[in-house]
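Chain IDs A, B, C and D follow the sequence of writing; residue 1 opens each chain.
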Amino acid sequence: MSKMNLLQAINNALDIAMTKDTNALCFGEDVGHFGGVFRATSKLQEKHGKTRCFNTPLTEQGILGFANGLASQGTTAIAEIQFADYIFPAFDQIVNEAAKFRYRSGNEFNVGGLTIRTPYGGGINGGLYHSQSPEAYFTHTPGLKVVVPRNPEQAKGLLLASIRDPNPVLFFEPKKLYRSSVGEVPDEDYELPLGKADIVREGSDITLLAWGAQVEAIELAADMAAKEGISCEVIDLRSLLPWDRDTVAQSVMKTGRLLINHEAPKTSGFGAEIAAAIQETCFLYLESPIVRVTGLDTPFPLVLEKEYMPDHLKTYEAIKASLAF
Amino acid sequence: MSDIHKTDAPIVHRPIFADSTSLTLPTLRILQEDGHLYPDAELPDIDQTLALKIYDTFLFIRALDERMLASQRQGRISFYMTETGEEAADIGSTAALKDNDMIMAQYREQGALAFRGFTPDQFMNQIFSNEKDLGKGRQMPIHYGSHKLHYMTVSSPLATQLPQATGYAYALKAQSKPNCVICYFGEGAASEGDFHAALNMAGVYKVPVIFFCRNNGYAISTPSKEQFAGDGIAPRGVAYGLKTIRVDGNDVLAVLKATQEARKLAVEQHQPVLIEAMTYRLGAHSSSDDPSGYRNKEEEDVWRIKCPVTRMKRWLILQGWWDEEQDETLKQQHRQTVVDAMKKGEKVSPPALDDLFTDVYDSLPWNLEEQKAALEEHIRRYPESYKKSSWRFGHE
Amino acid sequence: MSKMNLLQAINNALDIAMTKDTNALCFGEDVGHFGGVFRATSKLQEKHGKTRCFNTPLTEQGILGFANGLASQGTTAIAEIQFADYIFPAFDQIVNEAAKFRYRSGNEFNVGGLTIRTPYGGGINGGLYHSQSPEAYFTHTPGLKVVVPRNPEQAKGLLLASIRDPNPVLFFEPKKLYRSSVGEVPDEDYELPLGKADIVREGSDITLLAWGAQVEAIELAADMAAKEGISCEVIDLRSLLPWDRDTVAQSVMKTGRLLINHEAPKTSGFGAEIAAAIQETCFLYLESPIVRVTGLDTPFPLVLEKEYMPDHLKTYEAIKASLAF
Amino acid sequence: MSDIHKTDAPIVHRPIFADSTSLTLPTLRILQEDGHLYPDAELPDIDQTLALKIYDTFLFIRALDERMLASQRQGRISFYMTETGEEAADIGSTAALKDNDMIMAQYREQGALAFRGFTPDQFMNQIFSNEKDLGKGRQMPIHYGSHKLHYMTVSSPLATQLPQATGYAYALKAQSKPNCVICYFGEGAASEGDFHAALNMAGVYKVPVIFFCRNNGYAISTPSKEQFAGDGIAPRGVAYGLKTIRVDGNDVLAVLKATQEARKLAVEQHQPVLIEAMTYRLGAHSSSDDPSGYRNKEEEDVWRIKCPVTRMKRWLILQGWWDEEQDETLKQQHRQTVVDAMKKGEKVSPPALDDLFTDVYDSLPWNLEEQKAALEEHIRRYPESYKKSSWRFGHE
């Protein structure tokens, strides 16, 4: 066990992955010598050589096209997109190519060795283009896996599992937590399962569901609610595609209530899918409408970021409203 | 570390604007229309066996394209694309490669695949989307692929294979494989952003890739002069720092020669190469297209007489390696092969319902398991309405 | 009134828009002299000149970047993407640029004059890349409007409204209906409202909701159900962003049941947003879970397209299941 | 109709591969380091008024950049980017334009905006994201924009403004406006697919646009030799059929001259132009960056002595238009202006809550109306937690 922040845990996972799999490459804008603008790939070039950890030219569509090519050859390709806001030029290579590579070829070829890491979310005064949470776009794309860790220990285990999963995986890193989230992380190589939610706290009155940095917000809200005698079950979804409907449904059958929290805008955010699926699965168990506490249906703002965010206070109020329904 | 020397490059004190006339890239041609070599031409590495294999592939592809286009018109298949007029480009270049060099095609390069040994049956299985199709009946006709033959499955979105080729070639170099990738694309596809990323990255990483542009004058209805303003695609290679050559795409010996040299540069020196082959799409864009809406017959006729197949045949005859009688026999033979294979392929069953769900992931997640179960139940209820899949349920 | 198919109605709308607004331009791959691969822009170059209706080079990101530039200057930009499957290279110019242009500039600049037309959906043996219905991706993007017409009369009125709406609009055309959907279309210039659903048929037992080509499927299913004495209310949503929640909610409050049908894969399709919002708005009125009859969570197949599609039979079965709940 | 002549272009019979050495593009330089003109240099159109306006802008930008970087270090603003070392590039080129020519910038071209007349207060309002910011406090510092000054609001995603510039220029030409667009971008951004689309389309449509590349050696930590392999960005212009020129980006007269000529080509002949200005980013990429992690001081020093501001000052003094005393006074004056404006801007209130919701669309749809109402209610409940917006509710 070592104390690590989220960045160090990610760096450590990458280092382990590259050490054990000499076929693993790590690349993106500024990830080489410099170690990435957030330093997630710090020292990897020094340790594993310039051929295995390197800068790319400034082209996200190129990075993902290149990565697909590498992966189709059998290479373990770990691509970084500097900010999730800049993943859109690569959208075609991700949703039309990576996601459909195996299917369209009848499994003659696949890009299962591909992992895309990218920092997402608010919290750094980033405004429209350094704050977005675009995970929902990818959840509408069969063939992809989507993973979001909430802390260093989770990040290491989930990233190692993502890199080794035989399908293309998008790994969204909550950049707000890069340095602020610190915790004990096992030193050894370990994996946490993809597609499995994590029950962070058990409770009986309402289920609170989030992923990434927002797990903190629902935990805080759960604390506030506890003072009012409300018992919240807190779940970190961890994988968004495929997602762990069973765990969520079981929890909702127990509590009778569900609140989903995400940073992305409300309309067609991933909360919509969860609500749609759970109202179907748990129809007779629901005591109040499934509620979504989310970012606003606006671009991500700068000055009024606090107002935009689905914070613990908004969550707490929504919990009370749900209980009072 | 940085490129700080640039302002100390040649200096001028008056503004001179360069433009497309500042760079002239000639076209390599070895074989004359009449089948004679240019006297001072430098020949590719070719013997009778290779020459006849190329020519055999030419005739097979002509037979395949003609027959399949006709089948489309008869309604036996939904879609087809011919490569008529461009056979020298893909077949001549693939003939310069090793069998385990990777081919990443656009869609009009069935000749390259045939050269590699894809069988008539395999073509038909794909075209008829039957259960023997390597692609499991999921893509439209002509989206071939074969792992064994190192031919990446064709993908409809244009130019996506270009940066993939750079990546694949990077892996070959990283693993010290003595191979390269050849990546085919049209002059239309070269307008996509992926083209830019691919060639630029290949230049930076110095990977063993040959970008092979079939400049056939059109992207569907759009003539190349509405596609770009410069002198074609080749000058871009110069700009990206690639080794670049333009060839007469209807001259199989020029294509072969250029690609043989390109392969050496790519594999031995890790110099990425751009080849621009000047050719012409003699047929329609696809079976859904009618070129009379955007170009005239005279233009087509100019190119019809530049037929790469005839040009090669003349050379073969002059070499004493071929004669008209053999030619007629072989054509007949290929026509028969194609018809036989077609009749066979047409009768093979469509893929099973399972194949609707497999290969989305390496294994089925819960949502697909559920959807599959629900669909099976539904089909059992309405077998008449889902005839492609329901007949199998009876036999279980 | 004239009898027109869907293509003719669209062509007619474009012609009217270009005639009345000499600042309107129409462009895309092969749309010039040739009139587009589906011939939607047939004769427009002849009538309005080469400067106003023209081919672009083969680059979707370029088409949309160019269109954004035109619109930011005040020009009415009508861009065609040849198939909706090929819109992804332009994703960045649409979701990061067009959608955020007005907001990020504080309304100093906007691209409200932009309309993106693109044929979508199955029905033409198109397989993975000539059949997709990517509308849901765009519904997660504040700043865009998303419109889908179901027949010629609707197409003309909605397209004219889209072109003139002061916001960027994505106009998805059901290509399966291009020639097969024929109907009487007013000859004059008229607009149908954006953001308003259309109640196609009134009913009392269940609300069926779809858009574009799938409206046909739910109508057929409603016919089948009628024979069993089930009265279906059929709604064409028409606008997906912003969508007409009120009309849908009112219908569901009346019927107590909702079925949503769309071609796109189920997970995170736009049906999810509707289900999530309606279970919240109509919680106490719902007599059975909101049900989604949709495409499968796979890429769009070729041979087994019929099996993939959410057709009238699947819809009919789902209606019965909902009633039997 | 099609480009059928190509195979009849110059023909060779031996394969010769072109590469980046096949095209040499010299660099235009007019002013020597010591402030003297090259004897045979062709001068731009410049008089004392213009020269002093340019130089004044140089000094203003230096003062602004220095002070704002310091403010960022003091924690008064969250982010800043300087253009130190590159002033001649953007200011010199904008000086060649008409005031109503459109500027589409990347982000390191505040000089162009200052030249156009953006006031110190306006800069501060944007940097401090206050309610007077034309952008309504929505974007990070340095994302300026002004409709009145024909300066398109800066967008963070790189290179997106390039095809937009082509579109904007198309509209100018279609409307017979006697104007052009200048589009600034870095050599890093030139790797994006949008660059390719933009220049290619501009070539095809022959629109009045000047693509102005600031090749400053780095894209954050990535040196240009890891960005591209060819001879910089300029050869690409040749490939796209654009009029192309390379200039010493630290020589304001060369930049001015090249851009004046470019404007003529663009506006009078509808010839799109690419200008590559060779320069160097003397400062960090941004206030979040530390270049010591990827380059050494010696390299920076080489460029520090090539300072474009000093070079111009020497020329001005030799012209008899300027002296050191005036220089000191003006510097002092700009520093004061900046400090005053800063103190003022910093005190202006943040934008009101309304501005969180406006401008998503031209008017608020129901979902935003609902979200706004809910948010207002929530903030009233927790005024202490949303201090930037809640104070206004009390005053209603």
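The rule we apply is simple: a contact is a pair of C-beta atoms (placed from the backbone, for glycine too) under 8 Å apart; a residue touches a chain by one contact, two chains touch by 3 or more.
These numbers come from a predicted model, not from an experiment.
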Equivalent of A-B within the choices B-C, A-D or C-D, defined by over half of its residue contact pairs recurring: C-D
Farthest chain relative to chain C (centres taken as mean CA coordinates): D
Chain centre separation in whole Å, for chain C relative to chain B (CA means): 35
Chain centre separation in whole Å, for chain C relative to chain A (CA means): 30
Distance from chain D to chain B - Cα centre to Cα centre, in angstrom: 42
Interface hub residues of chain B, defined as touching at least two other chains: 138-139, 143, 155, 157, 191-194, 196-197, 200, 204, 226-228, 294, 355, 360, 367
Sequence positions of chain C contacting 2 or more other chains: 57, 59, 61-62, 85, 88-89, 92, 96, 100, 103-104, 128-129, 142-143, 267, 296-299
Chain B residues touching chain D - in the complex, by the definition given at the top: 1-4, 6-7, 9-20, 22-30, 38, 40-42, 191-197, 200, 203-204, 206, 215, 217-218, 223-232, 234-246, 248-250, 257-258, 261-262, 265, 273, 278, 280, 294-296, 299, 302-303, 306
Chain D partner contacts - residues on chain A that touch it in the complex: 29-30, 32-35, 37, 55, 57-62, 85-86, 88-89, 125-130, 266-267, 296-299, 301-304, 306-308, 311, 313-314, 317
Residues of chain A touching chain C in the complex: 61, 85, 88-89, 91-92, 95-96, 99-100, 103-104, 128-129, 136-137, 139-143, 241, 264-265, 267-277, 279-280, 283, 286, 288-292, 296-299, 325
List of chain D residues in touch with chain A within their complex: 78-79, 129, 137-140, 143, 155-158, 188-189, 191-194, 219-222, 226-228, 288-289, 293-294, 350-351, 353, 355-357, 360, 367-368, 371, 375, 378-379, 381-382, 385-386, 388-389
For the chain C and chain D complex, residues of the former touching the latter: 23, 25, 51-52, 56-57, 59, 61-62, 64-75, 77, 89, 92-93, 96-97, 100, 102-110, 112, 142-143, 145, 166-167, 195, 242, 245-246
